[in-house]
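Following this line, the structures themselves.
Common to both upcoming complexes is chain A, partnered first by chain B, then by chain C.
For the complex of A and B:
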């Protein structure tokens, strides 16, 4: 694996963010911006989850708890009786830092377990948070929900601040991913993911890097939750701490490729629009969830490591076999691929 | 008086009904290449695991470098100069050969936030890569290495911390004869540079040429200790190997 910032990588990122930057200005159908906000939101969530679930190999299923905490923090500080303006956005770093610190003991306890046990421990985090949201009625409003300060933005460009806030959070999550990979944090996380016991044995600061990844990941997810709460304006426990949000961020990373920079983003840009499409095609019934799961299943069957790693591997093999064929004086043909690869392509 | 780097005192480990290591006591003198041999299942790896903090002993004491290790933890011991390798070579296959060395070299808190592989990391790794003739493979994912090369890489990596004592668990098991000679030479080189070794090994010819003294373990406890010659002619040792 090479982690040098290649020119191609810079151009890819530049084009991606430039396009997203101008879309609101260029305009389009009314639903476009709304769909994009949720797509970018999930890309940011999944990229943040990827820090701990992908790079560290600790597949948390409880991350929506931090999303909910961020949402409620925003909802509680900016309740419907105050004037919000842009203040909720400026408060996000505080919420992010607060949740990051708060998550350290949680991470410390839960990451004493591994793999499937860890996944289950983190699920309980989800349910504890949801139960608290339902029961701490004085602060959360319980099942009646909690309304957030109305956002005083122009009708014509109402979505813009939320859109750009989500985009900035995505950029931050991806920037941190890139930083992790290019620093010893990423190097250490890779050893934790591959063989944590061995990592201890060569003096890797295992606990520290795991907690760093967990806390940063939790803090980012909480910030996304804060923007979401302000955007939707009214939060209920079952939506702020929705298992589907957790599943969404995990599936998107799995789909695009865990432990890759663009995998979670790609996963979000496939799954969120697909979900919206199926929701419309199948009406309000929950049938769309089945279609959604089917898409996921099909891709995972054919590209089990996620889209990006599978494609990268295929390209590398094709290049290697092409080089080999060239050495042998033959022209590179698709049939030079190993048969197992051909099967994957079909 | 010769100094002991490692003193094991009445170490015991049970797995259910099996007593893998039973009231085991031995010492490793500074500057030696000590062998720990014994039939399969005699508790050699289990002893290694307790010494390096991978397993909690049921009872007994471990002293390393003159200090009693109250709560052995792999990372602490590694940083203090006690390195080990595993019977089944354990490396990080996703990392490059060079990165496997860099990550084992240790780093400060400040370096943790710094470059993945810095200039000074390159320099330190370069020496070790040269010593182990791995320089041409430095940038390769270590998943591409042969089994013997992996054993070599694992050995090289745990040397990055400049250890005083290295525990090798079957360094030549499953590798080709040329690689066995290479491994032997590297052990000799490092021994000459002042490193003490405790080696678990089934290749008796290698043990006889390389190690002195030899500790023989049977059913979790030492049954013989001495030079290779005395061990070879010890009836208890022959019985342990043939009778099992």
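For the complex of A and C:
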């Protein structure tokens, strides 16, 4: 089962993006595009998180810090007095690169620790950023919030630029994921995830690949944050650096299957619409929080490896047993069963 | 000078309460190798229980500890039994961490549903009483809270040192595999350990509710402080967490008095970064493979 850029994979990706490309043109109910923007946003966020959290096995709980930094970067450069136009979109790569470089020392310090403590450090990063956003009032506007230049787009197609910007970011995030999997970086990350000490011992440049994954992931998340800020138009510390966004990224990757290309996307396309539905149905944000926690617990307890890996494994098992039956009841060889996603890939 | 000493007194008294919360968290890590991100939420839950007992039934906040502690002990045991024990696979540590985070979110959701998100405070009649000793203010609530924390920590010490359960816990902390081989029931120790950790959170929560205004979202502030304390003390070391809590209590209170309260939060973060840069295993931490 080699994950080359198979024809099936190409067709799958082609159809997926083609459908999403034409949806605004075809049109639909008013809320559709709005829901899709957030769905694609989370798919992009979760795919970016997956680079470090899935492939490298370092579960960052602080990625929303970079999201917030990207949001505030857009908000500060294009504050209400400045005419924005399409400029905020063109500035995104600069923000992404800037945040990526900025995240390197952060990653270097925090990745001196392993899984648990790494999660602690990154969650602290979240709190640092939020505290800064609240307290650096001259720059961020503090709790009063910061308004971003209103976008001068036509009412009829107002959502389009944001929609396509998010879609492009998702494509980039997935493209990088794909590149990671098919390159030496991905292989090195897989060894880090499996056993970092041994990987280090046999000469894998663990620190370098971890930092690359961390920086790329942080930069992508910051760019998504930039688009988000321009779209919502007004940013508050508690929403730009919201623990729920972090948890969203993690949860979606876990639901779909972390360390897989399509897992985070699948997770986002299940959870975000569900979320919108819950918000419509229950209204009150407290119930929403409870529902979120419940879904989270159910996934952890019953689908700890995520949907895609579970399905792949089941398919492989069925195929193996079918092959075994064909060989006159010979039992499937254990090596035919993929024990983890990493091995499925390679 | 006067304000510095006043800040140090305040810091020590506050640090005592943090020590209680952190000891539970580090105990849970020691036994199960799980960083309990729900510890802050359990403290807030304890505070709200105390609030309800006080406002509805008129039970004194300090006395309510006798009710909240056993209650949260049971909650802790239940959580371990239902949510943490079934986890298995390669990355149990990661999954457990996220499960505790989900528990924190759930507790926050339930509390905001029940109480709303406005800040509240437990205000018994003696809340504002304080002594003046040699010109320094010592508030009654803080002083009793500190003493109480010492008593609870003493109890915890006795449980760990003098009981059979305590021996099993210490054995599990040192070497889970050998402990099991020698007949320690790991599941039982984990469940009771998690319960004990939650119980310290409850006791600390009752006091926390008198010292601070809180709302269901307060657990984020708490957990970031607790994590710093626990990492500084060395994960799994109860003595370390007590020392670290006192150090951090004093440090943040001094910074808050001399600079501004805003920066007192930052003392925690800066200390955390320094610890990770200089000595990632903390003051008294053992070198555990996989954790650091």
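Here, the second predicted complex is superposed on the first by the 316 of 346 C-alpha atoms of A that agree within 3 Å, B and C clash if a C-alpha of one lies under 4 Å from a C-alpha of the other, contacts with A are read in each partner's own complex, and residues count from 1 in each chain.
Rule of thumb we're sticking to: contacts are C-beta pairs under 8 Å (C-beta built on N, C-alpha and C of every residue); 3 or more make two chains touch, one makes a residue touch a chain.
Just so it is clear, the structure is predicted and the values come from calculations on it, not from any experiment.
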{"item": "Which of chain B and chain C A:119 touches, first, second, both or neither", "value": "second"}
{"item": "Which of chain B and chain C A:300 touches, first, second, both or neither", "value": "second"}
{"item": "Contacts of A:154 with chain B and chain C, given as first, second, both or neither", "value": "neither"}
{"item": "Partner chain in contact with A:186 - chain B first, chain C second, else both or neither", "value": "first"}
{"item": "Partner chain(s) touched by A:209 [first = chain B, second = chain C, both, neither]", "value": "first"}
{"item": "Per-residue touch tally on chain A - higher for chain B or for chain C", "value": "C"}
{"item": "Residues of chain A at both interfaces, chain B in one complex, chain C in the other", "value": "197"}
{"item": "Contacting residues of chain A [partner chain B, same complex]", "value": "1, 3, 181-188, 190-191, 193-195, 197-206, 208-209"}
{"item": "Contact footprint of chain C on chain A as seen in their complex", "value": "57, 59, 61, 109-110, 112-117, 119-121, 123-124, 127-128, 131, 135, 197, 243, 247, 250, 254, 284-290, 292-294, 296-297, 300-301, 304-305, 340"}
{"item": "Chain A contact footprint on chain C (complex, rising order)", "value": "29, 33-35, 37, 83, 86-91, 93-95, 97-99, 101-103, 105-106, 108-110, 112-113, 220-221, 223-224, 227-228, 231, 235, 262, 265-266, 269, 272-273, 276-277, 280, 289-292"}
{"item": "Contacting residues of chain B [partner chain A, same complex]", "value": "52, 54, 73-75, 78-79, 84, 86, 90-96, 99, 102-104, 106-107, 111-117, 141, 157-158, 160-161"}
